[in-house]
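Structure first, commentary second.
Order of writing sets the labels: A, B, C and D. Residues in every chain begin at 1.
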């Protein structure tokens, strides 16, 4: 399998982990999701991210989910989240998924890191653990991980570790960060890395204009993300914004911390991509009021985007 | 002056503190802003909030800003933020502004509070300090203050302190919290309080439908907030959402932590309400790229809302 | 094997995980340590705690370390730390070690918990995951986990979960907490639980007098801890304090966050209990200055306690 | 008045703020304390620190307390804590106390700082606010302020700001930090600063040996601290440790977070230095059990140090 490089671009959806109602892995939905990503214009897939409920899986389950998606995705590169409380577990999973054909891995910082040196040191040790031959994605998500990486720290990590090929950018605010990092590349102080944006895409419209290469997030309409990235890259600015703005009310709703994944899985279930909207515990419930709000948002979105005109739900 | 009660409703804009370019208080802009609030349908004003740069003022300045706005606002109730590192300073400011005609005060929790009992105990001590005769607003803003209040904790504070008459609701996610609190009122376990929503209004559309009484936030188009609250209260649901959705791209942009206030002051300056967009240090700058994005957002918004069709800026 | 009950008392040393210089598990040292605990008066052992470097092990390694110690310990009850990022991994390890003869498990709270309800809810879900038949130790260690449990929260957990039989008490300050919890037992609002104290024993002298049942910590002289607990229980107050105070300078040194485990393993190596002082990464180094300080502390301690008169180190 | 310089050494006690039982400032006790510091060998005083209950005072009170102590201290240099939520209030207090004869000010970092650049930037702005002519003490106290400054960050602050003349060192662990900073001075990468240690002196014995210049902390026996610093500086190592170790059980007890200041004020009251042990709210109470423990510790200490043989308390 080709390895992930800093030329990555486009949309890498963050795949949710599908569960059956009884909590077991739903393999049929893994396949269905993967096929959908293949068909909707995604250029890669990330599995076992934070919103892939990775921490809720046993080691064997993680390996099964990643392996199945890698096999099904064919030529589409698959990145596997390998964040773990310790380097031994991280190394084990990283080596196993790379053997099974992953294109690279993603590593989030543990929330105990505070100083610049601690952050840089952590990634140095992580690379020693997984091996310098494994391309990795640096996840910069302070809201969830409480670790704040300045552009200077990201540059140190990129320069120290040739295997750091992509940034999953989800700082907030984050637009200036993209500009600063691209400036580092222009002034020659940092080699190029791919920058794909997270945060459910809440600022994807302007992130693309600041120099991002695409999206690496889990919004329930990745096909919309693909279109926005394509339109933006093609210079069709107002069309990109029009499409994005039509989705913004729903996208914002799905972006809520905690409850967002419940909304996302509900939407993917409504789209027929997940057999069940079930999450493993702990999970926020979808109340009747929230469900009605999501349906209201869908109905309003359907006026602008036919993708949101879903068949009435069976209830 | 009439005191704040739990019947408060409508829109209480969070007033920014206007500065001259040299850092001194801009009193002319205080008057201009106040007049604008009076004219646009606001039902009250909150001054010296977190985004009023309250911590950057000396005690005497705080008193001057609050006093001037109270005097200018006439019959419009003014709430004054009195959060302070200690109760002595809190009491001093609270007593002084109440003497000058404030309708009530707002108290945010210090970010050292963790357990339920610590939070409840803090507000008990705060009320002892300022006096039980001073109506106060409970500010629930975990993203900034890192203090997490469950609905049960809010109920304890409300039930223990008769002077707690309003909740500035800006938890995130927060929709279920409104429903739960209104449920407490219905089941008789909590007396009614006003709930006005913050978070720049990012979820005001559905917050109104969940039972909120209005908005208590600083978005640069408070006139839009007034309209949305009015439309929603009048049952004109789709009209409320249409107007809200038109503003959402800009509103989201202004809601960014840190840089948001810089954007807000720029917009208020562009609207002619502030003489200068200046902030006191520390403050995030508005880069040329960000400024262009804000102008782009304004131009797009102007197609839907004539309020955003601003005269070209002098530069 | 008999299961852990709320009658637990005495000293349960927190066993370090011994490593060879190359990072592999040092099984001979596991046996040696276990034999030492058996001989020095320990009434139980806790393995795979935070300072047992549990997060640095792979799942299979964790199982091997725990199994070996359980088998070697014979009739001595062994508690196994099963804290994990998710309930699936926690359940897997808990069920496996219980099958191999563990007396119970220990569960630390994830550092994302803030409100009382979140903490109580977490332990409810943990018990659902591991099974209500598995006795567990509640670890209350705010300094490391940043989770603050009031006595009231501990009572809720104890009352809700019959399988919660012991508290690893390491709040700081914590003396009043012991008094409050014992008061709950006296007033009938909480059933009795064992309270064994951590924090390297920094307050063990007075903790015993407040009603603690013993120590559950990893200080390199667990034999001293056993003596202090015995003397204190026997009413030989001043003798208990004299012995404790003689160790306090060294104990305090070992209690330092981060570097403490490095000191502890050095001391256990000096005592001949560990084949190597090695830690897995990430680990704080023992500088030459620190090593000299530890030797100085040992030499001074040796005047009062012959256990500290160690053979000169080979170097 | 002479200004604070990097030649500061010896013991600068952190003065508590004495209160009357009704909460007003106890000026007689300020005088008594100051006279005691003058007589016991202190080389300076720090007032309005975190444990001087500075955040609980109104601005006018802060100024009164500092002024009175400065006037009474005569030739003894007085450092005044001026930490504040904003730079305007910090500047106001700093300029006022310098006019009244303070030798310098102390600035703690706000707990929102995370990255290296944020910390360095904060002190740059603070110096702009108070003026580069005002010598300041950098307070490095991560346990309370949650701000982690690496040695490299401290070096950047020292090198950027000529007015940074002293470090109040209370990182934990902190011994290696002293060695590293002194190493920076030796290798010429950092100019010399005074390093005086806090943390209630819990590691003062070895901190002196690592190169600290003394203590800057509030333990209730500053006279002991003076002796330890003197003995250590004179090379009487074992005598220094003997004295220190005799105090360690009590010192450790007083060092407990939260309740420690209550213990300290009780002890200073027992020594006849404070007219009342009263704290302002919020404050931890001294329970009967804790009081008995402190008396027990005093009685044991009295066997070794006559200073602890206090007259029986009136009760």
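As a convention for this text, a residue touches a chain if its C-beta (ideal position, glycine included) is under 8 Å from a C-beta of that chain, and two chains touch if they have at least 3 such contacts.
Nothing here was measured: the structure is a model prediction, and the numbers come from that model.
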item	value
Joint neighbours of subunit D and subunit A, given as chain labels	B, C
Chain located farthest away, centre of subunit A as origin (C-alpha)	D
Averaged-CA centre spacing for the pair subunit C and subunit A, given as whole angstrom	39
Rounded Å distance, subunit A centre to subunit B centre (Cα mean)	34
Touching two or more other chains - residues of subunit D	none
Topology of the chain contact graph, where touching chains are joined (line, ring, star, complete, other)	complete
For the subunit A and subunit B complex, residues of the former touching the latter	172-173, 175-176, 179, 202-203, 205-206, 209-210, 238, 241, 245, 248-249, 252-253, 256-260, 287, 289-290, 293, 300
Subunit B partner contacts - residues on subunit C that touch it in the complex	114-118, 148-150, 152-153
Subunit B contact footprint on subunit D (complex, rising order)	53, 55-59, 61, 84-89, 92, 111, 121-122, 125, 128, 280-282
